[in-house]
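Chains here go by letter, A, B, C, D and E, matching the order in which they are written, and residues are numbered from 1 within each.
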């Protein structure tokens, strides 16, 4: 394996791979937060997750096109997506709460096709990107590069994680969300407006995805049919981390990013995705096997 | 036992004869629609086989398309590999000079389908051992992941053409047989065999057992059912027919793309689920009805909503799942349970049904 | 009511009570005979007669159910302020559905529900709790398993504007029930069935409602807990003056506790009376109390 | 009298919670034995340990002299040791008859036996048992549309269909109307007498347990507290203290 | 009277941008021809009408749509879809029905090794895309006093028929010069990050980096190369103009070499559009953006049909096929003459380089408007 040789002979590239992995993992983490939230609170597996990310990117991109400074695109995308998420909840998603999980899987799959095509019609299918003019820092004599925009994404990921944790612990809405997640009917009898809780949760999810998308368009590229890549990664991350565990989401997102970088480096880009999905399957089977020994199931 | 027309009756036999006649006549009546008609049978087949595991057994698989793709590749590889070196063939991307004689073609096809069936079953058993221990959405996600991984692996594998895909051998010409007609009837035959095999299976202990697993697997275990065995058998049966179907479908399509036709999770993979749900999952006739309605609708969207057909499709999916989660036959069963064999013996007990 | 008779009663029926199990009737037979009973079902005026003072909770001609299926047919109910009512009846008669309807978890096709003279039929659960003071203790599990016992209690004060108030009430609960206080920081999910029930009921205290809806308080509880739960309820009614509407399959205990008793059959009212009357009614005993 | 089920020093803990600690008990062939104890005392856990829902930490469980503590749930069920659940469990989307037919004993059978149709004898037995629990007229209805009490009866009939040698019942009467409880008990007794099925019953309802059990075990805090006939138990100060409360 | 042409085109899915370019090219040519009175067939003017379907960028659908066009919509001739993959799926169908197809966007060589009789392509096949880039690298090496075989090449090619064929061309050329290929990655179509591959590039310091992955590959490569500070003396790509790398990345795109079928600065012309530059202007006026070569070659495909049908003097399929086979014309897009396999052998590829924010043709020398800058 020539590629492994490189890593042994020039260990500095390990640093680059780790760094790149963590930095891109930060983007995945942002996409995955919301999925964990919506899954845990509403018991909905949200396949449109990736489309929210891409749409967030397009919002930031559109603003950039009309001359808004790129970094304003991040909050703008978050706000726009929050509104969209809230509306989607009121239109469709509320009908999926309390239903078979499979129904939500399929319905949100339908929504994702819909959103993809609408983005295609509205923004066109071109590959788009926003140039923030932010540079890269080069360390270790230029051997390792740290793009500032990705660093920003990384910092933002951590900040949002902390904000989410504090919000969940301290705020009234956060409390209501936690209560609803654990027992919705009980929350209702305590006077919690679960419908509002769900709408807000879904809105927050979309908003975080929107912010992620803005960062994606500034650090990578987007186009309308790319959402699934983020959805699937969110899945993987959430399944590995478990629901309602934000620190776990961050950790496994970084882990996934690093694993992908190494897979791409060692096996070649063509097996990068296959590796990720096989990893998901293996982790699932492993968890199931471990539980199976106690005669429990992964449910 | 569940299923409209599951009782032997004049109605049912009449129905079968009508369908048979329609199936035989259709390709000649509408020669322009031959491919679409063949695809209709492919759709019915994939919906039926998905329903074994997804509907009847309640294990919602997003990965059944694996068997479809495996069948496609296996059949093509056998068809080619019997007579040429597969690597050279794919390298040349089906360049001329690889023509088969009539005898070679059909023996290759037969053997290919046979081996596909075998590989499908073996794979179902192997991955089933790991995956069927997962429950609920973890199973759905695990199978989804595996399906995508398969697509990616085949797309990276040079021997089978990697991302350039693979072209199955050309149908021998000049034997007075149209490839379209031939594959149409092969598909009809396979679907019919599948349908009747499943019908027979559902009527016996096996059908009840997988239904029990769907309704409450813990209870089934507590009652002594060998759930693992039933689950594996069910998946293997599904894989068997699906793999053969894939082998035929590869030849129908004429070009195997790893992600877009073989392991096409986002199209065939999801459609098989949708069609079963649309018709009514867990009901023998559900997938059949669902596939017909879905396929026809989709064709219409395609023709009349140029460029917007997928928007319409997305909307349709949302509407189907949100408003008709029971599907067409499930809905019918709610209204007219008698048709499905649910009945109360005496009137009196029925009217006091909720006072126990 | 004098406190002596109160404690005497308690001695008589404890836990699920005792007795024989000889009177065997088939399901259909019970249904048929109960149907016959309900021929002479009491009208609204009679119901009003049982209610002491001004009616506080009133249901008029309620038709309700799930989806398109009507479960309750023309159901009436009248309870006075500070009174307690126990609903009994066969499984599936629609008892829980009545409580569901009051709180707004069903589809209501007709009829009206009043609390304290206000029509609350179409209020949201939140408004029912906040504006009409209706609290509900569900038939099955309603704790938040991953929150501590204390957090669970505090959630009872979710609608209170000042969290400090809720904190005070929580402290009062802990003073009263040391069994909960001991487990204050324990995850509620690890409590045993009885402790959970206790938690659920005391959480309703924090909500400080006017009307308490209780569904099968004693289900799955060991005998001593059953007594304890009924003591708490008695406390709420007698000391704090709450109005209680209760469903109880442990019918003897329930009727003994409650001022009023209604018998529900197939979504319709079959019999009504004071708790003691029904308890002593031989037909009721034979059909619903197990002889 | 032969011993049917023998539990010896079984212990089971979950993390820090000791659910069962050193419990020994036995049930003889043809007996009806009661199991009582406060909430959380480990009764359901003991059932789970017996029928193989989780590995036990120590001790041994024998059924008809055979060690079963390492076996899996379906294996144990096939030996004829069956349990019902605290929350009723039936197959909601299947008709009552289908529920019954799938409950036939799953003894030894090859793969091809699974693919066969139902023998006539099974169908007859199914009808008999539906009659026995009073659900004959509803036998072609979806089990999920039955009321709570009827579902309990169906579950019981399914257990009988399985021709068990011994049945473990977990609170069979919880949430059932008192009059129907009598009916259910009547059938339990008949199953015991007519079909010779040995019964172990968890109950909080003393009216029930005192009337059917010949012998009663009482658990508290995961330990065996007392054992004896109904009267003995009812008057045992430890049981009164830990469980029954003052009368 | 009308001539009915049909085309399954990618209006949605991963190829929808390029699908749109293709469609615009077809439409513009058809419009001009019709405005000019249509095509004379046996002395009667025929208008051109094009029937479109959306193939959703998937081959399976493309094949079915081709069949539908022929069988149900009764089109007489087919225009190609976008991309080699789709063309590969459709060609067997047209072959089977004996319907001539002129295509402009399926460059994979494998299309022309199957012995298809009814398939004609106006473009240069994909192995030629970057041949001149490799040749340039060899030339430079020798100029610098090194051997051509000292040159190292890194490649990242999307895992689709077109890019894989580009790869085959590059590998064949590298072998010819004895160059060493140090990286050979296949990029997945869901590509969203190339940094692992580029880290390898950084580690192995090849002389030439070749990237082919439609628009997405081009955009990502430019962005991440600059972000990661990866220096390669020569960067050769496809789809630079489709991805608008100059507009999107400005200075970061400097020095990139881009393969192209066509450029507006070329000196071809015809009666319909005038010169290549005239076409570019007309196109931009009509659609609001400068035509990428995909649009130009598509327009040319319609012209080829018009020419052949005119010469055949009938709409009969085989007659038109035979007329197509002997096509020999010049269009604004270039000379067109098919060999017996149906590919155009009369037109070379051109190689652009991004210089000071402009695309400048640097090879072949005949059309070069600027000198190659090396290293980039």
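The rule is simple: a residue touches a chain if its C-beta (ideal position, glycine included) is under 8 Å from a C-beta of that chain, and two chains touch if they have at least 3 such contacts.
By chain, UniProt protein names: A, B = Branched-chain amino acid transport system permease protein; C, D = Branched-chain amino acid transport system ATP-binding protein.
Remember, it's a predicted structure, so these values are computed and weren't measured experimentally.
Of all chains in the assembly, those touching chain B and also chain E are A.
C-beta contact counts were set side by side for A-C and C-D; C-D has more. Note on chain placement: the centre of chain C and the centre of chain E lie 77 Å apart, centres being C-alpha means. Chain centres here are Cα means. That of chain A falls 33 Å from that of chain B. Chain A and chain E have CA centres that are 36 Å apart. Of all residues in chain D, those that touch two or more other chains are 73, 147-150, 180. Looking at chain B, one finds that residues 152, 155-156, 162-163, 307, 310, 349, 354-356 touch two or more other chains.
Within chain E, contacts with two or more other chains are made by residues 12, 159, 186, 188. By the touch criterion stated above, chain A contacts chain E in their complex at residues 3, 6, 10, 13, 16-17, 20, 24, 117, 120, 124-129, 131, 136, 138, 142-143, 145, 147, 216, 219-221, 223, 225-226, 228-229, 260-265, 268-270, 272-273. The touching residues of chain C, when paired with chain D in their complex, are 11, 14-28, 30, 89-92, 190-195, 216, 219-225, 227, 249-252, 286-291.
Contact residues on chain D toward chain C in their complex (touch as defined above): 17, 37-40, 86, 134, 147-150, 153, 171, 174-183, 185-186, 204-208, 210-212, 243-247. Here chain B touches chain A in the complex through residues 60, 130-131, 133-138, 140-142, 144-146, 148-149, 152-153, 155-156, 162-163, 266, 270, 273-274, 277, 307-308, 310-311, 313-318, 320-322, 325, going by the rule given at the top. Interface of chain A with chain C (complex): residues 172, 175-176, 178-179, 182-183, 185-193, 244.
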